[in-house]
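Okay, so chain A shows up in both of these, paired with chain B first and chain C after.
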Partner chain A sequence: MKYIHLKQIREQLRQNRFFTFLSLFGVSIPVMIVMIMIVKVELSINPGGPEKDNDQMLFLSRTKVRMEGDRAIGYVNLGIIEKYFSEIAPEGSLAFSRSTLTPVFLENEVLDVPIRYTNADFWDIFDFRFVEGSHYNHEKVRNKDNVVVISRNLRRKLFGMQDAVGETMELEGETYRVIGVVEDVTSLALNAYSEVWLPYTIKSFKSLDPGEIAKSAGGYRVTFRASEDWDFDQIQSDVERVRSRLNQINGEQAEILFGGPAPAAESYFRGFRDPETYEGNLLNYLALAGKALLILFLPALNLMSLNLTRIQERSQEIAIRKAFGATRKRMAFQIMGENAVLTILGGLTGLMMAYGVMYFFKDQIFAGFFIRNADQATIQINYVAFLLVMGVSLVFSILSGLIPSLRISRLQPAYVLKGGEL
Partner chain B sequence: MIYLQNISKVYRTRNIETLALDNINLEIQKSEFLSIMGPSGCGKSTMLNVIGLLDEPTDGKLILDGVEINGHTDKALAALRNRKLGFVFQNFHLISSLNVQDNVELPLLYRKVSSGERKKLTEEVLEKVGLSHRRKHFPSELSGGQCQRVAVARALVGKPEILLADEPTGNLDSKMGEDIMNLLASLNKALGTTIVMVTHDRQLANQTERIIHLFDGRKVN
Partner chain C sequence: MIQHGFKIMWNQKKKYGFILFELFVIFLVVFVTMLYLTERITTYLEGTGCDIDNVYFMDIATQSPDQKQELEHALKVRDRLAGMKSVEAVSMTVGGVPYRATLRTKAFQFGDKRTGANIHHVDETYPSVLKVEVIRGRWFRSADDHSSVKIPVVINQLMAERLFGDENPVGKIISEKYEVKGVISRYKSRDYANRMPHIFMDIQHPQNDYQGSNMLIRYKEGYQPQPKDYAKHIYSVMPREQYRIVQSSRLEGMKKRMNSNYSGDILFVSLIVGFLLFNLVLGLIGILGYNINQRWSEMGIRRAVGSTKARVRRLIFLEMFALTVMAILPALIIVVQVPAFEVLPVSWPGFIQSMMLSLGLIFFLVFISVLYPGIMASKIRPALALKEE
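Moving on to the complex of A and B:
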């Protein structure tokens, strides 16, 4: 495209401000929505913070038990974890935790604070940054010590700007000693996020006999960390063997199923779904791509109708250009080139808008519905994805210029110069 | 230079058939300055459009500079229009979103000419029509006479052998009209450009070398 064409496009855009605004709006909003969608999926798959190395982890958070005429779906029960998973997992490879909300009384208010009961290896597997003190070890967990690790945010609310290690706090009528303070964690880190962490043994619901264990769902999320000696395949086959053992105990009475253990992406797509109905990652990615395509395609239809109107307005100009030597092909390329420039401008505007919206509405967009804390989530635009989105938008915009361009190719300059309509 | 042999043009709509040109035969010599006269609707502009390859004849043969125009592709017709022909229209038909310089260099965009060369040729032709000081202005900032001079500059920048002018003074007052007419006459003399001009104005037509009269699509004596 020659400089003069760009100059003319600039003039066209300047002179037809309403059209320019509509076109830019039509392109930038869908690009913004799709970019936010992509960032959200990426952040959900790898939320960073303590879970930043989750490509070495497998997650299991769904259990389904089928019984005659009945079924139960939930997290994993502690009996299975302690009796079976602890057996298969090498030292330091198994983290499990259960989270809930509990009221914490401050001077003038009551806060509903998320608390998480964990094992000791949880602290080795997830990469927390301690600003004070340290975490509880195996001994403290075994001894059911009333100790807690709290977030920097909660420390500020409870103790102001002072250090908190050694201080005490009340939780559900019990007194706990603070032994560590960690940097705040984004609530997108579903397996690690909380404001308070404490040994799971303090309040464990483990009174099931082996027969009950084999056919019960529970309340724990499980994370396996892979290593050279215990890779993903090995972990999955070991867990499958556990499942077979459980089903041997169940006999004809019941069947237990697990939604995993799965890598982060699959775990995200599985979400809270029934383990039996999971349709695979590919289909989920295709569904996402389908949504994105639809979002990008609808404005292209709008752009096409705008283009048709504009071509009508510009038919004289096109006829003049043809009179002075422009070919049909050249004119078609010019119209499509103008669309492409508008799309690129719209796309870049959309990208900036996506940044702005994600910055100002981080919690609303990324955090859970009830617990909103996405402050710690690091928003990173995936520029490869952006280029892909731009590519798709460009294809759509060029296609939207195709019909107007075809109409141009039929244009008889003499007819239009005499005042006829396209 | 230009031969029209038995040229007819029929406009057809669903119900009506209009004969715009009826068996026209005409030969125009190189460097000739010729005018076409006749009442409104007699086919003057249609004839000019056929010669200018802006419209196809329904019947007959058109030969431009020894090339018979028959079954040419869009690309070939565009190249002929670009190389051999220049147009001046009654309504100027300048592109409002381009300034004077960009309007004038339009025909050069459709051939392989460097931007430096384009600038030079544009400067030269603007100098000729006396508008080099207005090259950064937009058409909306110019008077009618100035617009038509820009249109003449645009028609001439590519050094065409044939200039087709459709009522070039029709929208101008008599003083401005005279200016344009003088400009065309001097170009015809200085460059040897063949000029075919459509006009209503007997006085203007008298300034050309030959007058062709049309009536109801036919050439009359």
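Moving on to the complex of A and C:
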């Protein structure tokens, strides 16, 4: 394309302000929405922070037990974890935790604070950044020490700007000593997020009887970290072996099912669903892609009809240019070129808008509307995805120029110049 | 006049083809969104049927081998907590706590009718803590009901409908083991859950397999919850070697946490569709504006031969409505198949409601987009238009 062509396009766009605005708006908003959607899904799959290496991990958080005419669904039973999972997992590759909520009383308000009971290896598997102090080790967990790690946010609320290590706090009616403070964690990190972390042994019993364990759901989320000699396949087949052992104990009486262990993406899609009804990742990805295409396609339709109307208006201009020797191809390229330039401009605007919206409404978009804690989620636009989205919009916009340009190719200059319509 | 509008549109169907198609697709999208939103919102508005303000929840795990002693302990704890100055009522339960992720269900039958139901073990004070509404019969009372071999139960209205239809359930025996004492109007385990049958069994009945205990504590208006004192009372009866308080939360907080994701999703979906509709309105205004410009002389002639301003305006409106109807009719034919062939689990009333809403919305948006071009058209001065021609 020569400079003169770009200049023509620029003039076109400048002279039809309303049309330009409509097209820019029509392209930028869908691009923005789709980008935010992509970032949201990506952030849910890999929320960063302590879970930033979660491509090395498998997650298991759903158990279903079927008995005759009776079924229970919940998280994973502690007994199964302590008795079986800790047996199959190599040292330091198994993290498990249970999260609840408890009120913390401040001078003039009550906060409902999430707290998480964890094992000691939890701290090795998830990558927390300590502001001060340190975490609890195996010994403290074994001794059921009343120690807690708190988030920087909670430290500010409880102790102001001072250091908190060595201070005490009250939780669920008991007194705990603070031994560490960590950077805030985003609530998108379902397996690590909390404001308070404490040894799980404080509130647990030694395992119950094996028959009971094999047919119970529980309250724990489990994370397995893969290593060189314990890869994903190995983990999955080991857990499956545990499951069949449990079902041997259950005999005819009951059957236990696990919703995992699954990689991060799959466990995001699985969510709280019944392990038996999960229909696979592909379908979920297709559904997402379908939504994105629809969002990009609808405005393209808009653009198409706008273009078509505008061609009528411009028929005289086009006829004159044809009369002076512009070829069909030349004219078709001009229309499509205009659309392409508009789409690229609109896409870039959409990208900036996406940044803006995500910056200002971070919490609302990423952390659910009422629990506002996406502060620590690092928003990263996936540029490969952006290029893909741009590609799709470009295809749509060029398509939307295609039909009008085809009509132009049929245009008879003399007829139009005399006042005939297309 | 209406026929005229349709005719004009039909003659220009080529020009309006894309708008037609766009309206068609947008209507489908709006309809599906409306289905989703009305379903979510009505589900939410149903509520759990419980009054959870000022209720505190304590989950006590146990490892005592002796179930009888366990029940005694729990009863003692309940009485001690109920004796506190700031406490209004206390109930012990297993499972009868809204906003928790764990569920137990079981199949029940009456005659040849069967249904699955969520099981909750609760005691006689449960309705005074969560304020569930008994609409038939009464809640079970341990004192008079324990002599019976049958376990006294209370069911929710939905379960009563499924098992008994129009019959009065009070006094009937379910699954040969449970005697229905009363029916409550509604109960759900969380706001966004679908309606499910629920059954509440007497936790104190000797036939019951008692396992563990949770305390629901309703504290008096104007007081703060006092988990430290609650815990003190609990551990004064239950030895720490056998019992642990594994959760201690306000139901309010649990509700917020449970609902937050759903509310976020609803907001996100509405925003997306809102943007798309805004886009549609702008597009329509643009296209119509250009078209009116094109029809400058036609409008001039109309005015010249005696059409009033209002009639011209009305014509433009009618044309657009004709167009909308033409786009929506095929969409309706597609959409009706959803409940007719049970593609999705949608009830007719819900379907009609969201249909009305989306029809209303689409026509409203079209109306707004025609407003400005319509006025423009009616302002055309016949003399000027004809002179230019």
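Going forward, the second predicted complex is superposed on the first by the 415 of 422 C-alpha atoms of A that agree within 3 Å, B and C clash if a C-alpha of one lies under 4 Å from a C-alpha of the other, contacts with A are read in each partner's own complex, and residues count from 1 in each chain.
Heads up, the rule we're going with is that a contact is a pair of C-beta atoms (placed from the backbone, for glycine too) under 8 Å apart; a residue touches a chain by one contact, two chains touch by 3 or more.
Not measured: the values here are computed from a predicted model.
A.B. asks: After the alignment on chain A, I want to confirm one thing: do chain B and chain C clash, or do they fit together?
C.D. replies: On the superposed model, which is not a single observed complex, chain B and chain C fit side by side.
A.B. asks: Using the touch definition from the top, say if A:Thr327 reaches chain B (first), chain C (second), both or neither.
C.D. replies: Once the two structures are laid over each other on A, A:Thr327 reaches chain B alone.
A.B. asks: Of the two partners chain B and chain C, indicate the one touching more residues belonging to chain A.
C.D. replies: Of the two chains, more chain A residues are contacted by C.
A.B. asks: So after the superposition, what angle do chain B and chain C open up at chain A's Cα centre, nearest 10 degrees?
C.D. replies: 100
A.B. asks: On the A-aligned overlay, A:Gly160 touches which partner chain: chain B = first, chain C = second, or both, or neither?
C.D. replies: After superposition on chain A, A:Gly160 lies in contact with neither partner.
A.B. asks: Looking at the overlay, does A:Glu317 come into contact with chain B only (first), chain C only (second), both, or neither?
C.D. replies: A:Glu317: touches chain B, not chain C.
A.B. asks: Does chain B (first) or chain C (second) touch A:Ala217, or do both, or does neither?
C.D. replies: So A:Ala217 only meets chain C here.
A.B. asks: Based on the superposed arrangement, let me know which partner A:Gln412 touches: chain B (first), chain C (second), both, or neither?
C.D. replies: first
A.B. asks: On the A-aligned overlay, A:Val110 touches which partner chain: chain B = first, chain C = second, or both, or neither?
C.D. replies: It touches chain C, and chain B stays clear.
A.B. asks: In whole Å, what is the nearest CA distance you get between chain B and chain C after the fit?
C.D. replies: Checking C-alpha atoms only, chain B sits 14 Å from chain C at its nearest point.
A.B. asks: Do any residues of chain A touch both chain B and chain C, and if so, which are they?
C.D. replies: No residue sits in both footprints.
A.B. asks: Would you tell me which residues of chain B are touching chain A in their complex?
C.D. replies: Where chain B meets chain A, its residues are 45-46, 49, 52, 54-55, 74-75, 78-79, 81-83, 87, 89, 93-98, 102, 105-107, 109-111, 115, 154, 158.
A.B. asks: Where on chain C is chain A touching in the complex?
C.D. replies: 15-19, 21-22, 25-26, 29, 59, 61, 63, 101-107, 224-225, 227-232, 244-250, 252-254, 256-257, 259-261, 263-264, 267-268, 272, 275-276, 278-280, 282-283, 286-287, 289-291, 293-294
A.B. asks: Any idea which chain A residues touch chain B in the complex?
C.D. replies: 2-4, 7-8, 11-12, 15, 316-317, 319-330, 409, 412-415, 417-418
A.B. asks: Would you tell me which residues of chain A are touching chain C in their complex?
C.D. replies: Against chain C, the touching part of chain A is residues 18-19, 22, 25-26, 29-30, 33, 40, 69-75, 100-103, 105, 110, 112, 114, 170, 172-174, 203-206, 208, 217, 219, 272, 294-295, 297-299, 301-306, 308-310, 312-313, 364-365, 367-371.
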